[in-house]
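Lettered A, B, C, D, E and F in written order, each chain numbered from 1.
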Amino acid sequence: MADWLTSLQTETPQQGFELALLLARKGVAYTQTSAEVRERLRPEYAENADSLTMASQVVAIHFQTVAAANGYWR
Amino acid sequence: MADWLTSLQTETPQQGFELALLLARKGVAYTQTSAEVRERLRPEYAENADSLTMASQVVAIHFQTVAAANGYWR
Amino acid sequence: MADWLTSLQTETPQQGFELALLLARKGVAYTQTSAEVRERLRPEYAENADSLTMASQVVAIHFQTVAAANGYWR
Amino acid sequence: MADWLTSLQTETPQQGFELALLLARKGVAYTQTSAEVRERLRPEYAENADSLTMASQVVAIHFQTVAAANGYWR
Amino acid sequence: MADWLTSLQTETPQQGFELALLLARKGVAYTQTSAEVRERLRPEYAENADSLTMASQVVAIHFQTVAAANGYWR
Amino acid sequence: MADWLTSLQTETPQQGFELALLLARKGVAYTQTSAEVRERLRPEYAENADSLTMASQVVAIHFQTVAAANGYWR
């Protein structure tokens, strides 16, 4: 896979949160490498409350990592 | 998305908890960008015990991050 | 919401555990604000083994935070 | 509830693991206070692989806390 | 239960990973003490993708603990 | 099992993410040792949104460990 992650440093917490989102999606993309399939699955979970909560949880775990990497932007 | 997260610092633990709630919701909102759909899904999980527990878990993970960012408000 | 969390410090580990329980419940209460609905859902999960395990997991995550905040009461 | 948790310190990692088990069970017991109901639910999850994995996960989270509290028994 | 955990220290990361596996299995074994029942449940989850992912998650949590205990084998 | 994990150190965050993926897969492979069975289960979860989210979560947990082991590549 081409370079997509060269640093965990971000300028703001919000950019860190968006990096956490990217990490969560990459975790899916490495397992299901077909963008077409991922797109097909999207409506299934984007309209299911529990699926969204589960997705939000993965973001939360990655945000812990990114926040620690940035010294919590203090 | 407009700026919504400029700092993880809060004045009190309770404000930190409320920031954790915001982070959990934003994790959903970035995936399901339609506020109308999110509103439609709300009754589905707000009246389901396991869905509420799962939502509470995401808050708990974010609260770990926010609490660490604030030196546990000691 | 009225003040309910002014500190993560507790005198004993057991009080810390009980604070973790409160935090887990508050995570639910902020999402389902009706105490009447929460009460109605209670039997559903209090008699389901997996629901109880999930609830216990949220407490475990919060207890990590509270324990760290208290220097593990050493 | 009577005193059941006065310290997170244990002499050995194994005692720490057993304390983690106790913490996981207490997380259930505070929610389902009836020992009779908990006993009735036991066969349900003790013979279900996923339920056992979920229970093992809660122990794992508490063991992180207990291990940190003991400086990893180094 | 006989002594099975006297230290979290391992010589290599791989031994640490294998210790994490042991911890995950012990979390199950303390709840379902019958080896015969555990053996009977094995095919159920060893051929179910989600069950395997859940089991892998418990290992991941324990590996965090073991890795920290070993200073990440740096 | 042959040596597959000699260090948690990686040169870049992306290599660290890929190591986290390997760790997640190894957690499965130790439980389901048959590569043939794992291959057979693959379509089941690779086309299920929630299964992919769960897999991504295990990667997220391991990435926390790997990132910490590498001082967040700062």
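One rule holds in what follows: contacts are C-beta pairs under 8 Å (C-beta built on N, C-alpha and C of every residue); 3 or more make two chains touch, one makes a residue touch a chain.
All figures in this text were calculated on a predicted structure; none of them were measured in a lab.
Contact with subunit A and subunit F alike is made by no chain in this entry. Listed by label, the chains that touch subunit B and also subunit D are C. Between subunit D and subunit E, two chains of identical sequence, the interface residue sets overlap only in part, with shared numbers making up under half of the total. Inter-chain centre distance (subunit A to subunit E, centres taken as mean C-alpha positions): 27 Å.
Subunit C and subunit F have centres, each the mean of its CA atoms, that are 31 Å apart.
Under the contact definition stated at the top, the residues of subunit B that touch 2 or more other chains are 45, 50, 54-55, 57, 61, 64, 68. If you sketch which chains touch which, the chains form one closed loop in which each chain touches exactly two neighbours. The touching residues of subunit E, when paired with subunit D in their complex, are 1, 3-9, 23-28, 30-32, 37, 41-42, 44-45, 50-51, 54-55, 57-58, 61-62, 64-65, 68-69. Those residues of subunit C that touch subunit D in the complex are listed here as 12-14, 17-18, 21, 45-50, 52-57, 59-61, 63-64, 67-68, 72-74.
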